[in-house]
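Letters A, B, C and D name the chains as they come in the text, with residue numbers starting at 1 for each one.
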Amino acid sequence: MTDMEEIKKKIASDPFARTLGVRFDEIREGYAKLSMQVRDDMINFNGSTHGGVIFALADIAFSAASNSHGTAAVALHANITYLKAVTPGSTLTATGIEENKTRKTGLYRITIQDGDGDQIAVFQGVVYRKGQPLL
Amino acid sequence: MTDMEEIKKKIASDPFARTLGVRFDEIREGYAKLSMQVRDDMINFNGSTHGGVIFALADIAFSAASNSHGTAAVALHANITYLKAVTPGSTLTATGIEENKTRKTGLYRITIQDGDGDQIAVFQGVVYRKGQPLL
Amino acid sequence: MTDMEEIKKKIASDPFARTLGVRFDEIREGYAKLSMQVRDDMINFNGSTHGGVIFALADIAFSAASNSHGTAAVALHANITYLKAVTPGSTLTATGIEENKTRKTGLYRITIQDGDGDQIAVFQGVVYRKGQPLL
Amino acid sequence: MTDMEEIKKKIASDPFARTLGVRFDEIREGYAKLSMQVRDDMINFNGSTHGGVIFALADIAFSAASNSHGTAAVALHANITYLKAVTPGSTLTATGIEENKTRKTGLYRITIQDGDGDQIAVFQGVVYRKGQPLL
């Protein structure tokens, strides 16, 4: 396998991503695109998709994009702004891009869309890199 | 049942909280204390507790504290700062307090501790209330 | 004057913006572009442009974009991620766009560039609208 | 002078803090308390204290607390939640504490009060330390 293939395999081995049924549709340097279907056990007491599920999908895209260079990235801070309630059964898509990268730090922006293509949340994450290889 | 008992029952009926195995140890007006045990399927590809799981626990405490007055609270924004990596098997505790409450908005602060009593993350959440009753 | 001209005049009458020497280069519905020159009294003890100055410029663009519809918008939350240190004397530009707008809330994203066109910070702001007219 | 006195002198030499009339009431390791009086040129177009001024005061307390150990701390991210509008003429107080400190990173929490002792905003800041001495 090439390095990039091994990096992608490592990132996609995430157990909690598997628990949620996340699909890693695309990973390349500084970029990740993921999707998942919202199950009935992923809702809140109002019957909408749980905010923690939306965050988790974005967080997995954040981790994929920030670790895609092959250097281990540790999440320091993340924030999310919710824009629209989402009914279960919908397929969510998270697209993560690298806004900034220095040797030690990085800023990532992840947008989440529902099955209608509406933006439902915006996520930002800041990482710190100690310099250790991912693999 | 009293109103407070019905509010607590509604909050504790959260399906995703049940999926994660969250226990609602205490809910009162403007306050919530929750706990959960980190399972092996809740880790990231490094073997640490997944950031999305830590956020989700905090988010459930945020929802419990902000809906505890019996008026529906909608999450607008949330942020989390990670302080320490957590190995699986640990029991996490989330304590949520109300920092501020106006008729329409509110700010909540949730701190998360691991089984050693170490603070592992700090979460803040902002809600908007349309004025609709929770029940 | 048209309504838009009156709205722009109101927004541009901001006293602290005048104190900082901010120029309102463009304001239209859901959008604002501002600029300012960093003076020697706007630096921190390291000799770089003060983080508070960069935030203030972004905040003024946030206020301009969120009030541009003629309905008073109140800032609930704002966050900024710093990407690059800026030497004084540089001309900063802030560009604010509306990411989301509901009847009562809104999310704005402001990017700040230095004179070299490098992105130096990313700002996000969340507003609440009570429904009162701006003028 | 002792090291702590030199550190305090360096921190208090901040030119923008002087521009705003900030008083450094107390600085010790991991802690800072500052105050300032809101002048008429520090308001927004609604006549309230400008959000950028409140942030700047908090940011200066953040910088003081995070640099107080004598190692240069660089701000990566900051966020602020506004709780109450403040009329000009009021004396604001910012109290900054260290929530977490690792060798390379740190989280600080700054609360801002008006002259009535009401909490008007909550600020959080994350720093990165390259390891360079402050002096």
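By our rule, contacts are C-beta pairs under 8 Å (C-beta built on N, C-alpha and C of every residue); 3 or more make two chains touch, one makes a residue touch a chain.
Bear in mind the structure is a predicted one, so any value in this text is a computation, not a measurement.
Peer 1: Matching A-C on over half of contact pairs, by residue number: which of B-D, A-D or A-B?
Peer 2: Checking each pair in B-D, A-D or A-B, only one repeats A-C, namely B-D.
Peer 1: Across the interfaces B-C and C-D, which one involves more C-beta pairs in contact?
Peer 2: C-D
Peer 1: With centres defined as the mean C-alpha position, give me the chain B-chain C separation in Å.
Peer 2: One centre to the other, that is 33 Å.
Peer 1: Chain C to chain D: how many Å between their CA centres?
Peer 2: 21
Peer 1: Which parts of chain A, given as residue numbers and ranges, touch two or more other chains?
Peer 2: Touching at least two other chains: 76-77, 79, 81, 126.
Peer 1: In their shared complex, at which residues does chain A touch chain C?
Peer 2: Going by the criterion above, the answer is residues 79, 81, 83, 99-100, 107, 109, 119, 122, 124, 126.
Peer 1: Which of the residues in chain C end up touching chain B in this complex?
Peer 2: It is residues 76-77, 79, 104-105, 126, 128, 130 of chain C that touch chain B.
Peer 1: Which of the residues in chain D come into contact with chain C in the complex?
Peer 2: 10-11, 13-16, 18-19, 40-46, 50-53, 55-57, 59-60, 63, 72, 74-82, 85
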